[in-house]
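Next, two complexes with subunit A in common: one pairs it with subunit B, the other with subunit C.
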Partner chain A sequence: MKQTRWQQATYRHPYLFALLLLVIAFTANALLQPNLLEPTTLNSNMRVFLPLILVTIGQAIVMIGGGIDISVGSIVSVVNALLATQIGLSGDLSTAGVMMGVALFVGMGAGALNGLLIAYVRLQPIITTFATSFIYAGLALFILPNPGGGAPSRLTAFYRETIILWLPLAFYIIALLLFIWAIMRRTRYGRYLYAVGGKAEAAYETGAPVRAVQFSTYVISGLMAALGGIAMTLLTGSGNAQVGDPLTLSSITAAVIGGTPLSGGAGGITGPIIGAVILGLIRNIISFAGVATWWQTFVNAAIIVLALAMPGIIRLVRRRRG
Partner chain B sequence: MKRPTISPPLAAVLLAMALFLLSGFLPNGFGGNLDVATAQAINIVRLSVFLGIIAAGQTLVVISGGEGIDLSTGAVVTLTAILTYTIVSGKNEQVLPALLAVLVVGGLIGLLNGAGVAFLTISPLVMTLGMAGVVSGLILVITQGNVSGAVAPIMTQLIARPVLWGIPGAILIWAVFAAFMWLLLERTTFGKNLFAIGTNRTTARLSGINVTGMIIATYALSGMLAGLGGFLVVGNTGVVHIRIGEPFLFPSIAAVAVGGTLLTGGKGSYFGTMAGALVLTLITSLLTTMQMQESVRRMVLGATLLAMIAIYGRQRGFRQ
Partner chain C sequence: MTRRHFALIAIVLMSATLIAACGGAPSTTAPTTAPAQQPATAPAPEGRKFTIGISNPFISSEYRTQMIQSLIEVNKEYKDLGITNELVIESADTDVAGQIQQLQNLINKGVDAILVNPSDVNGLNDTLQEAINKGIIVISVDQELNTPGVYNVGIDQKEWAKISARWLAEKLGGQGNIVLIEGFPGHPANVARMEGVEEVLKEYPNIKVLGRETGKWDEATGQQVMSNFLASFPNLDGYWTQDGMAIGAMQAVMAANPQKWPVLVGEGRCQFLQLWDQRLKEDPNFETIAVANPPGVSPTGLRIAVNMLQGKQVDKSKLGGANGLSFIIPVPVIVTKENFQEVFTTVCKDKPATYLLDGIMTDEEVQQFFVK
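And now, the complex of A and B:
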């Protein structure tokens, strides 16, 4: 079957469609909120988007490897509960540093358990991470039964108010992650990742360490969820054992809008990052457009479904014409 | 290594029985009292009915393959429970129109899911997830935060109270329903085609099955069954709230998986799902009776779920 130019372009640059959506969403947002590009407004938006962006990157890598991770939201909650109780509102910076390191290990440990069960015990990803999400959510509640605790204001201020050269802190973090990803994807590991996600049996027969690669994607996802949890804690400055819940499904939606197919072996992290920003912008647009409170959830969801359906609609229309 | 040959539904039923017997030894369990034990057993089965019927649609969607899953189930249950509540508003003669309405509404939502999956080739997980958001939004728009209405006496009578030989109506409804599900899956063309498209869509298409039509019909049916579930749930509780369906969503998938239906499609049974619903309901109520903290309860539930899928949910290795 001959591919059209649009198909070729979207295959080579899976984030092309997301970029188009981003431009539309950004324009709409800028019209409603004229100061959108001022450093402080940009910062106040990006610091809210960052936790989801971080979690989505991990989710996308798992999806490229052919899996899915339903437990990311619960890992964010565990990390938030841990930091909020162990650092506290009056904690000093060295404790905070140590606890954040511990949090990263906790995230990787949670991811390693997922990876162990999926890659080596060979359980199905969706139901396995669903089961572990209960374990992690329970753990978060165990650490922090009632909302409370927090992070010292010096620390939260650093996260909330750092602007370097007109660009908010979040930009530099994203740039760093994109840089790491660009290197990673050129290594042997990067090629294995796409091979395993594309067709695990074929990858196995050509000698790729399939199980190890699958395992590693969940560890990365756990690590990214922990980073997301740290960002979330610094953003809110408080502890809530259910703070991560909405991130699970949002991260999947963001990754898919960003051009990562659930079938694995394709995509990247640029698209998913854009996808996460789009989800945030849609929320902004709705609140600035003065949509009645009761309608907001509906309008938000309807726009997301439309965004998800758009590539399919474009294909249908093009096929009918061709 | 020899594989265990016991079938998943049977394993789940045996597990449920073992758990139930063990629960008798709990401090506030039934001990040696046979009457109390029977009453408790009946109550557990009665509570499983709702998850069992809601998970029926999930079973069909999962069997249909193509990474089939229905994440809109929870929201549809909530919407239809609210619809039932408002349409019936305490009048017996309104029960049938309400039932019809929820089946139509559930079916329409499922139809949209199916259309998105079949025509726009959106992955089922994402399509139904998006739809769940839309339906939740719709619920907020319709109710604006408060719901007025009531269930009819006849619903409470038929669903929650004993009808025949001390057996609650819900269990009888489930038995009839299970017979229909068995007929649908094992004795109709629809059932045969469903397993065929679940195993291999291409060969199914080449052997003359209308795959697109089948996918849409399956999701529509799943929506309808979730609608029926919402109707029954509100008939049992007698009150409705804006999150009434949410707790059923993931357990409905878990019940399917625990019952031995392959999440990759093409293989499974409704009896498995029924057994899965029984086990999950039993564990949940056991943990509640043991008065564990919410946090510990979740962890135990997660660990049990893991243990159960580890027994027979393992996928094939490469070296075979």
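And now, the complex of A and C:
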């Protein structure tokens, strides 16, 4: 039966729909913008998408574990504020390296606070991370009250201009993360993660360390947000305590487009990565399709809603036919 | 599990390599920047039309709407003369990364000049530098950037704020208790404006500032902040505020209707003039000041861009700013009791309440910035 085959396929490969959407979006974009396929254009797009991709991966892992992280954008801001003030426009590379290391710990620390409150104090994820997002946003403003600071151009050029064998730097980073995920997914931890997200009580009864797993997802999310913050700093070469704000909702949208249900226990990171790329491509398509100014925001949102609703629509149509 | 992921990685890498290989070949020999370099390196050949792009990262304000609208109108003038092509507009609510994408798309479309209303003081530097390297003329409108090579077109925010601050201080006779409602703390325009206010107030030591709070350039917040101030200081002698918040603040005063009205400053918007008119019916002696913050600086910037593309030499002695690359545009309208009736009955007559008092330089007026 066709119906079950599609359902099975999307269940086994949660990113299947996102992949389909990616092919469509990429084709549309490439038709409208023929030089999209050139390495330099590909690179200029990917370097803009990468911060969101990194944050989305963390978000997706939290969502698989049955939670949600509203504080990721603020963590990006904290990291950006920290790097911009501590490295500075004329900073040297060794300071930059040290500060990036510190930034990763700051991200994990912020994630650990979230995890502690949610997994051990047992507060609601959405409320908790919403509340902590203000703590982190406030911290970012405290570190960097006025936009300023930055990173030296030698450093930003590495992020902005590295192309190895026709492929932008971002591709290698994504490939590395997919590789790590593939290994992680196979371990006992990977199985616990899905069990905890699916049904925490049942997982607890079978002896899974529910709290530790929940806690860990937020630490991972904090770490990924810190990486996103580093990427954002290298992209903009400057500091702004509000730079991460828009990433929070975009990361959730990208994860959902990528086939990660808000109910947890399913999904992966492949789909969310694709989801984040799709969000960026949609903006390009609108730009190159020459959508009238006053309609750009509307069209952008409409396409996102359509992308979010599409799996449901497909299911509905298939059920009717079956 | 893993096999699938490895397969996917392989597919991603393979397709990407394929894509890169297909598209990559020509780019090694033919620089994609060639068309954009023409205007900068050589005078434009006869009949070549220029393309101008605008990047705007914030749409939820009347200022920006009016800015885009008048940009389209002014570009149409040049288009009808066969000088420019259709304006390329990148306008959507977005963040720094999103504006970088807007700018990259404009570069990719091969525009000859970029007008940018920046969302961040430094975050666009590298991207704007890339545009400049490709020979694209980059003009920051409305807000000043200190990026080397980037021209600025806008009003002098500090002087702008001083006009109404000085009016307030003189109206108070140099003494009294006032409060200040400011825009976003840390935003470059707000910082410059508040510096201007402080400089003026320093000359009037008998004016005491009882409180200073942000109204976030938002009408509703301005109203709320003013209500709180009126509750805490019932005998307030005056207040200073600016753009977007002055309407809300005055509405708060109208609602509270204190025995003695504080001396207040307004903003250059028809809706504010309506409130002014309304108040005049109750108190014929009421007076205030409205200094226009013109969205028209952007279309003026477009005219400057067109003239530069046509190969005219900028007269650097006429420019100001930190890098000496700023075209300072004079404030077009200041409304006081002397000209209130005139402006209100003519300019605002057939305009919506949201209309901002504006001024766009003509092509002739713009010539003052160029070497004859």
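Just so we're on the same page, the second predicted complex is superposed on the first by the 319 of 322 C-alpha atoms of A that agree within 3 Å, B and C clash if a C-alpha of one lies under 4 Å from a C-alpha of the other, contacts with A are read in each partner's own complex, and residues count from 1 in each chain.
Just so it is clear, a residue touches a chain if its C-beta (ideal position, glycine included) is under 8 Å from a C-beta of that chain, and two chains touch if they have at least 3 such contacts.
What you see is a predicted model; the values in this text were computed from it and never measured.
A.B. asks: Taking the superposition as given, does A:T40 touch the first partner, subunit B, the second, subunit C, both, or neither?
C.D. replies: second
A.B. asks: Check whether A:F142 is in contact with subunit B, with subunit C, with both or with neither, and answer first, second, both or neither.
C.D. replies: first
A.B. asks: Touching A:R186 in the superposition: subunit B (first), subunit C (second), both, neither?
C.D. replies: A:R186 contacts subunit C only, not subunit B.
A.B. asks: Quick check for you: in the superposed arrangement, does A:M232 touch first (subunit B), second (subunit C), both or neither?
C.D. replies: second
A.B. asks: Between subunit B and subunit C, whom does A:K199 touch in the aligned arrangement: first, second, both, or neither?
C.D. replies: Touch partners of A:K199: none, neither subunit B nor subunit C.
A.B. asks: After the superposition on A, what does A:T297 contact: first (subunit B), second (subunit C), both or neither?
C.D. replies: A:T297 sits against subunit B and subunit C alike.
A.B. asks: Does subunit B (first) or subunit C (second) touch A:L178, or do both, or does neither?
C.D. replies: second
A.B. asks: I'd like to know which partner A:D245 touches here: subunit B for first, subunit C for second, both or neither.
C.D. replies: In the superposed model, A:D245 contacts subunit C only, not subunit B.
A.B. asks: Could you list which residues of subunit A make contact with subunit B in one structure and with subunit C in the other?
C.D. replies: Overlap of subunit B and subunit C footprints on subunit A: residues 145, 296-297, 300.
A.B. asks: For a test of understanding, state which residues of subunit A touch subunit B in their complex under the given definition.
C.D. replies: 68, 117, 121-124, 126-128, 130-142, 145, 200-201, 204, 210, 249, 252-253, 256, 261-263, 294-302, 304-305, 308-309, 311-313, 315-316
A.B. asks: Quick check on the complex: what are the subunit B residues that touch subunit A?
C.D. replies: For subunit B paired with subunit A, touching residues are 67, 69, 116, 119-123, 125-127, 129-131, 133-134, 136-138, 140-141, 144-145, 250, 253-254, 257, 263-264, 293-303, 305-306, 309-310, 313-318.
A.B. asks: Which residues of subunit C touch subunit A once you look at their complex with the stated criterion?
C.D. replies: Interface residues on the subunit C side: 1-2, 4-6, 8-9, 12-13, 16-17, 19-24, 26-27, 32, 59, 68, 72, 89-98, 100-102, 104-105, 108-109, 120-126, 185-186, 188, 191.
A.B. asks: Could you pull out which subunit A residues touch subunit C in their complex?
C.D. replies: 13, 15, 33, 35-42, 44-45, 48, 51-52, 145-150, 153, 156-157, 160, 165-167, 171, 174-175, 178-179, 181-183, 185-186, 232, 235-240, 243, 245-247, 270, 280, 283-284, 286-288, 293, 296-297, 300
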